[in-house]
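What follows is chain A paired twice: with chain B in the first complex and chain C in the second.
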Partner chain A sequence: MGNKRSQYLMFWVVAAVIFLFFFLKYVSPVVFQVLMGKGHPMPTPSTLMMWYMIMGILAGLVYATTSNQKFVDFLGFLLPGQGTFLKFFLQKIFFIAFPLVVGWFVYSYSLPGAASPVELRIQHPTLPQKYEKMENPFREKDADIQRKCIEEGKVLFQTYCRPCHGSKADGNGPFANSFRLRPINFQDPGTIATVVDNYLFWRIKEGGPGLPSESTPWDSAMPAWDGDLEDEQMWKIIMGEYDTAGVMPRQREKAE
Partner chain B sequence: MIKLFKNKVVNFGLIVFSVVAFYKIEAVNAQASHMFRTYKHEVPQKLPENQNAVADGKKVYEKRCWYCHGITGGGNGPAAKTMFPKPRNFTRNEFKVRSTPFGSVPTDEDLFRIITSGIEGTAMPFWNTISETERWQVVYYLKTFNEQFKKDTSPEVLSVGNVVATQESIEKGRELFKEMKCYNCHGEDGRGNGPLTVAMQTQWNMPYRARDLTQSWNFKGGNTAGDIYRTISTGFNETPMGSYKDKLTDEERWSLAHYVESISKKMASDVVVKVKLLESGEMPGNPADEAWGQVTPMEIPLAGQIIAHPRLWEPSVDSVMIRGLYNDDEIAFLVEWDDRTNRQEDIFRDAVSLQFPAKIPDSLKKPYFGMGDSGGIVNLWQWKAYWNEGFGSVAEAPGSEPGSIMELNAKGFKKISVQPPEGQDVTGGGVYVNGRWKVVFKRALKTEDEKKDIQFEIGKLIPIAFAAWDGSNSDAGGQKSISAWYYILLEKPMPKTVFVYVLIAVVMGASVELWFLARLRRFPPKLEEDQE
Partner chain C sequence: MNNYKLFLKFIKQKSIFVMLLVIALSAVLSLSLQKGVLLTAVHAEEAGVELPAFEEGAASGEQQQTAEGTSAAGAEGEAKAEEEEEGELEPVQYRAFFGLDSRVIVWIVSELHLMFAAFVLGVPIFAVIVEIVGFKGGDIKYDKMAKEFTKLLSAAFATTASLGGLLAFSLFGLYPEFMGHMTNVFAPTMYVYALMFFGEAFTLYGYYYSWDILKGTSAKKWFHISLGVLLNLFGTGLMFLTNSWATYMMGPSGVSMKTGRLLSLSEAFYNELWMPVNIHRLIANVCFGGFIVGAYAAVKFLGAKTKEEKAHYDWMGYVGNFIGIGALIPLPFAGYWLGREIYSASPVMGNIMMGGAFSWTFIIQAILIGMLFIGANYYLWLGMGRIKGSERYTGYIKYLNVIIFMCFAVWLTPHNLPLSGEERAMIGEQYHPFSKYFGVMAAKNAVVNLIILSTFFSFLIYRRSNKGTMVAFSEQGKVGKIGVLSGLGFCLMMLVSYAISLNFVELDAQIKGYVTPLIFALYIQSLVVCLAVFLTFKNKGKLGQFILFGVTTCIAVLYFWYYGFQVMQKANLVLRYLSVTQVSIVMSCLIMNAVIDIFMFRKAKVVGEITWGKMPVRSQYALLLLCIVIVILMGLMGFIRSGLRMDWHVYGLLQDTSQWAYTPTLSFMGRVVGLIVALFLGLVAFVFWLANLGDKKVKTEAE
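What follows is the complex of A and B.
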């Protein structure tokens, strides 16, 4: 074992953890900005950050305890004696920094809270029974009529849905910033591509107010279009919406 | 061995604690918003312009663009009716963002940049989601709508370059802003409220609105000094914004751009409005009070109310700025927003409203954000600009009249009731200065009517939502700009005990450390047990 190096084992572990923190905080947002071609940095979400830090620290501890030799070296850093001046200096820094760091944590904990509230909600509530059996009347028509319905639906979508959901159905319409529950991005494969037409029909017809309470209807800006749009128009909008977003409805399992 | 294990546990515990603390700090700083489209300057290698490219461009256009811009490029697609500003009419030469002289058509690169970047404050999305090839094709196709593209084949292209702003150049720009009479349209403080703009909007009903130069997010074609320099140099075709290339030298145009950049700001938005404790002095009852200077303002983006009929598809107020102060007895809010005019007309009056749940929710459940619902009643504080029928059909709210404040309750937008005169507890008033309304609301923290009035509590997150009306945009009733639920938080003053806690923590930290070190020194970890 290279004794000379392992004298600083604890220092290296702590340095690695600090490095990890700064990497997640400042470097990774820029890396992801470049990778994903965004015009702005992509900050690491705080929960993700917490888990990465826990993993990082655990990894450091696991490494330091892989052998008794290592663990002795790890703690040995804190022992006095036969070290260089650098080691002596780092020891003192650790010694002073530890209580200060603890004090700082307590201070930041007891500052008057300003954290955003936790707002949990279920994004995909279950479809109410009365919508389950419905069928889009235009899906079974011949190709020409379908094409016409899609085109009519797209016009309606661009007129009524575009302000929030955007011309591209990507949830980036000019009104999108104002609603903290951002309008849904239909291009996202986790949204309308995972449901069938009926589900969208329910959402368009009853809107935010028709949501069950676990889906926080009071925060949803989705209008209930019942009364303002005809059912036929809604079915057409759905067809146009899938086409605009470039995704397909989930395929129904074939009933025998 | 046991000792070693014990030490490990201690160490581990401390480290887990520190991670949890990291997490806490992160949660506070996590609010980062990148809400707006940015103008992208880079342009890739051009595609050859030929019949095939135009034919392919037609397909792209008729799949994605025509709904707004129209099948023949006239800017009159079927969806255009729910838009303001209206989509570009390609058959006319009304192209705005150009690097070519005033009156010329834009270059292919200019069109490519706009298609890639989109235009904030309008319905134009950013099309960097389709391939570069498709974007070039559609550029070539839309050029076929206008004959002028064939005539202006090699226009003189402005090269922008980069000149760094200095205190001097900004000062010079400020003088030029006066000298060139920019304020005639853009207003003295740059809020787009100049007398010409007001006349065009209200008397002649023309669609031109001078840019509000304080809101950098709405600048067309980018908000860097270079972008502003380009706009000053080339102007916007078919608008009152002409080219200043012949009226100002290159250096002067840069100075003016630096000045405009210096008065523009970014939108500072967040989720929680922190209401600050006013340590001394009276609660401010008017917008000019110096006490407001202590509070960091926050901005809330607004959208047209399109949830229920009658809808507002073309909102004119896109954000409000909010500050809050409280003391032992009272709470006050200052709400500000830009409005190009101060014209009031019959039912169309400038107004703003704050919405709270009538009772602070105990659980996640809140009343519906759009005026409450049958299960959740909301308390509304509404201010309306002054208007007097004696003034004639259109009048400017006089500066001496602070407007009127009403307290209402609602259980859904169809069930709105004004509180009786004895229940009206909110005071305050508004003032219109240089294109900006500033309105103060003030009320006691607690009132007698606990069923209808929100009772403020310190340290609790209280939902708040906003609405604003622009009379000259014919906003009235349900036709208004609205926000979702945000929160206010009456900040607890920093308790003196915090420092005691910190001291205790430091002492405890130090003791644990000393104990740990002492133990470590007394029983230094050795390898003998294993080696022997």
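What follows is the complex of A and C.
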């Protein structure tokens, strides 16, 4: 048997797992609310909660079995008649609490209730082949013309896109709250900054109805602007949109 | 006996093998020297190469082909008369095998072939290295182990060849039009491939069967090692050849994209993705081979009856794991390079890969890679239990464990989380902060580098476990000083040369400023590497190592995590340079710390021996898990690489119009990959059992 501290290895592992649960469930939503200046907490999604908890439990078990002595110490916590009163006390709490926790999980998961299904989203549905080779005709123009296009695009963006995407392209337009899935915050570096100009062109031109079958279930309220806007207007909107959001489009790279 | 006499004696004894080898080599050489065979550009007009009839190619072609493949121009009259009598024989586009899904058949056969090929190509690389180590160090157990590796190799080789034949027949039988196109483009390289296969077979069997004959003297041994090197050259050459066919299908070049007409064989061969795939597969094969050998040793360990057997297979398992994890460390860098080149070849294919239909397969990949790193570290930590003196370092394990699992958590966090409608409403925007900050490439790159640094740290404490009081570095003599200075020179060359080259990258003025912090980071790292060496010379090597680890983590993990976001937002073209900078800084830390550690502990007092064989049984199951995970990973990555073409045989050129051209669902993919993994592991177990039948007979006779 190991030293006095090691007798409590199982206790520490269980305590760490419980701490992780409380952190993800109750602390991180408030922390993110403060850090991101939101008016509401940002709850940890259930899928992520499950993954992180699995990680936590696995980390505890891996650590507890990294040597034979540790493994013996870990399981030794459950053995009767050894150690102090504190250990005896914690042991009994563990024996009572463990079945209760398991029972609570079983009860809460089997309780009848109504919830919408969890959807597996695809971030960037496949761009149709005909759009792949397209180039924004205004990107190759000289600086003055480009600046003019950007300004025209910004006006067009404020006219046609602002109601949903917001005046700063941050997804906070006046209509944004009316959608089940809010419009994307284009200032986020993981959104339009990761795709090429022509990807946006496709999304504007064909909108939600033009998405390919593999991206279902997909709920995009984006209308198809083909017919309402000229192609040149769409290219200018794209330039204005990037400028408004303060990000750059992904640029084509030369292979090395 | 001098070398010349030995050589003559060998030729006399093994004259048939030598003759066949010479014939094969001569044939390869003579063919490769002819114009248009190997890498010489072939002009379609001169060579008359033309696609099989598909749309524009057929319409524009001057030399229409009949179903029999002969030129129609000369025999027009006769052919017409025959056709009128017998009816025209339509060219076949697709066939089916008893109504089964042709794509799944090819998928399973090619993946099985690739897995066996990976083993057959990966194992000789480290078998030869182990043989050299044993020969130079004079330790017979290395030689014994290298021979055991090769025994597995020779058993697996025939299966690889059989599967290769089956794959070729499946492809030509089920996809005749597509293979017609591939043959039109790559026919000359196919002959070279077949001839090189002879070379591979002869050198492999020569290497294995001459093991005991070529023993005893230095010259004999070097000749044997040379055979091993030759075997590796043939194997690598074979792989490079086939890689060009596979990568051409992803990013075709050297052909007319309108007609499919071959313009330049050399361009089609040396396409954009060829070299990244070559490097990635070369390293992955070593990693794959290492973990398979580790699992083989684990099975033998679990069934071992004597202490000696247990000790041998414990050691073999350790070496297998060491090789596997050693190759796994640079693999993410090679994979990242390949990924970037896929983006360069086609931004759409890149988006399909990372953000589109295949993005979820990369989450599965992240889980598998995380399991590999955790499994390998776990095995190392358990291994410290068999080393006296390791108690001094086991305290670090809990911190390493926490770091690795936290990195793993970030590594597998997707940018797009599966959310229910209620959760979406509660979060109130598209991305939860966890996915927003952990789900993008900047975060992934940062944590994978931290996992690599942590794994390396585990290795360091493992190798220090039984080392006691060190001899002061200043008293180590010239060898230590030369060694450390050589390491320093290499690291400085890598860091400074890249920093200088960054000054000359061609970028727009508005984004070029984003390169400056990278240059500074490289110079800071160079200074820190110098400082670590300086401290080592002042007998404070441990402090030097500590500073080097600390600064590397601050720059390559923390700072580049933050800076990666900035670059993604404002100058994504700089991401390429940021990644290389990150890799260079981490590599310099690994190399310099390893060199310092080797020479610092060179003459250290040994406080306890390693008790080989004294390992808990669960450590062997960890080795088995590593093997299963790497096989699943290879199956998954094979699917991704090939599947990225979506419904194209040759991306953007030759469309797959068969009924099986759809992209499979994750569930279907999972079942097929699972089947492949089960088949491969079953076949490997069977083949290894066959390989050991001879040993059992010898043992029984001895008893």
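One rule holds in what follows: the second predicted complex is superposed on the first by the 218 of 256 C-alpha atoms of A that agree within 3 Å, B and C clash if a C-alpha of one lies under 4 Å from a C-alpha of the other, contacts with A are read in each partner's own complex, and residues count from 1 in each chain.
By our rule, a contact is a pair of C-beta atoms (placed from the backbone, for glycine too) under 8 Å apart; a residue touches a chain by one contact, two chains touch by 3 or more.
Remember, it's a predicted structure, so these values are computed and weren't measured experimentally.
In the superposition on chain A, contact of A:N68 is made with both chain B and chain C.
Of the two partner chains, chain B and chain C are each touched by A:H40. In the superposition on chain A, contact of A:A59 is made with chain C only, not with chain B. Using the contact criterion defined above for the overlaid structures, shared-chain residue A:T126 touches chain C, although it does not reach chain B. Legend: residue contacts after superposition of the two complexes on their common chain; A:I184 is shown touching chain C, with no touch to chain B. In the superposed model, A:T84 lies in contact with neither chain B nor chain C.
Contacts of A:P117 after superposition on the shared chain: both chain B and chain C are touched. Shared-chain residue A:G166: touches chain B; no touch with chain C. When both complexes are overlaid on chain A, the residue A:F98 reaches chain B alone and has no touch with chain C. In the superposition on chain A, the residues of chain A contacting both chain B and chain C are 38, 40, 43, 45-47, 65, 68, 115-117, 119-120, 180-181. Listing the residues of chain A that touch chain B in their complex gives 21, 38-41, 43, 45-47, 49-50, 53-54, 57, 61, 65, 68-69, 71-72, 75-76, 78-80, 95, 98-103, 105-117, 119-120, 154-155, 158-160, 162-164, 166-168, 170, 172-175, 177-181, 207-209, 213, 216-219, 221, 223-224, 228. Across the complex, chain A meets chain C through its residues 28, 32, 35-36, 38, 40, 42-48, 51-52, 55-56, 58-59, 62-63, 65-68, 115-127, 129, 131-132, 171, 180-185, 188-191, 193-196, 199, 214-215, 246-248, 250-256.
Of all the residues in chain C, the ones that touch chain A in their complex are 272, 340-341, 343-348, 351-352, 354-357, 359-360, 374, 378, 381-382, 384-385, 394, 397-398, 401-402, 405, 408-409, 412-413, 415-436, 439-440, 511, 565, 568-573, 576, 616, 618, 646, 652, 663. Against chain A, the residues of chain B that register as touching in their complex are 4, 7-8, 11-12, 15-28, 30-32, 34-36, 38, 40, 64, 67-68, 77-79, 81-82, 121-123, 125-127, 129, 271-272, 274, 300-304, 306-309, 313, 364-370, 373, 376, 459, 461, 482-487, 489, 491-495, 498, 501-510, 513, 517, 520-521, 524-527, 530.
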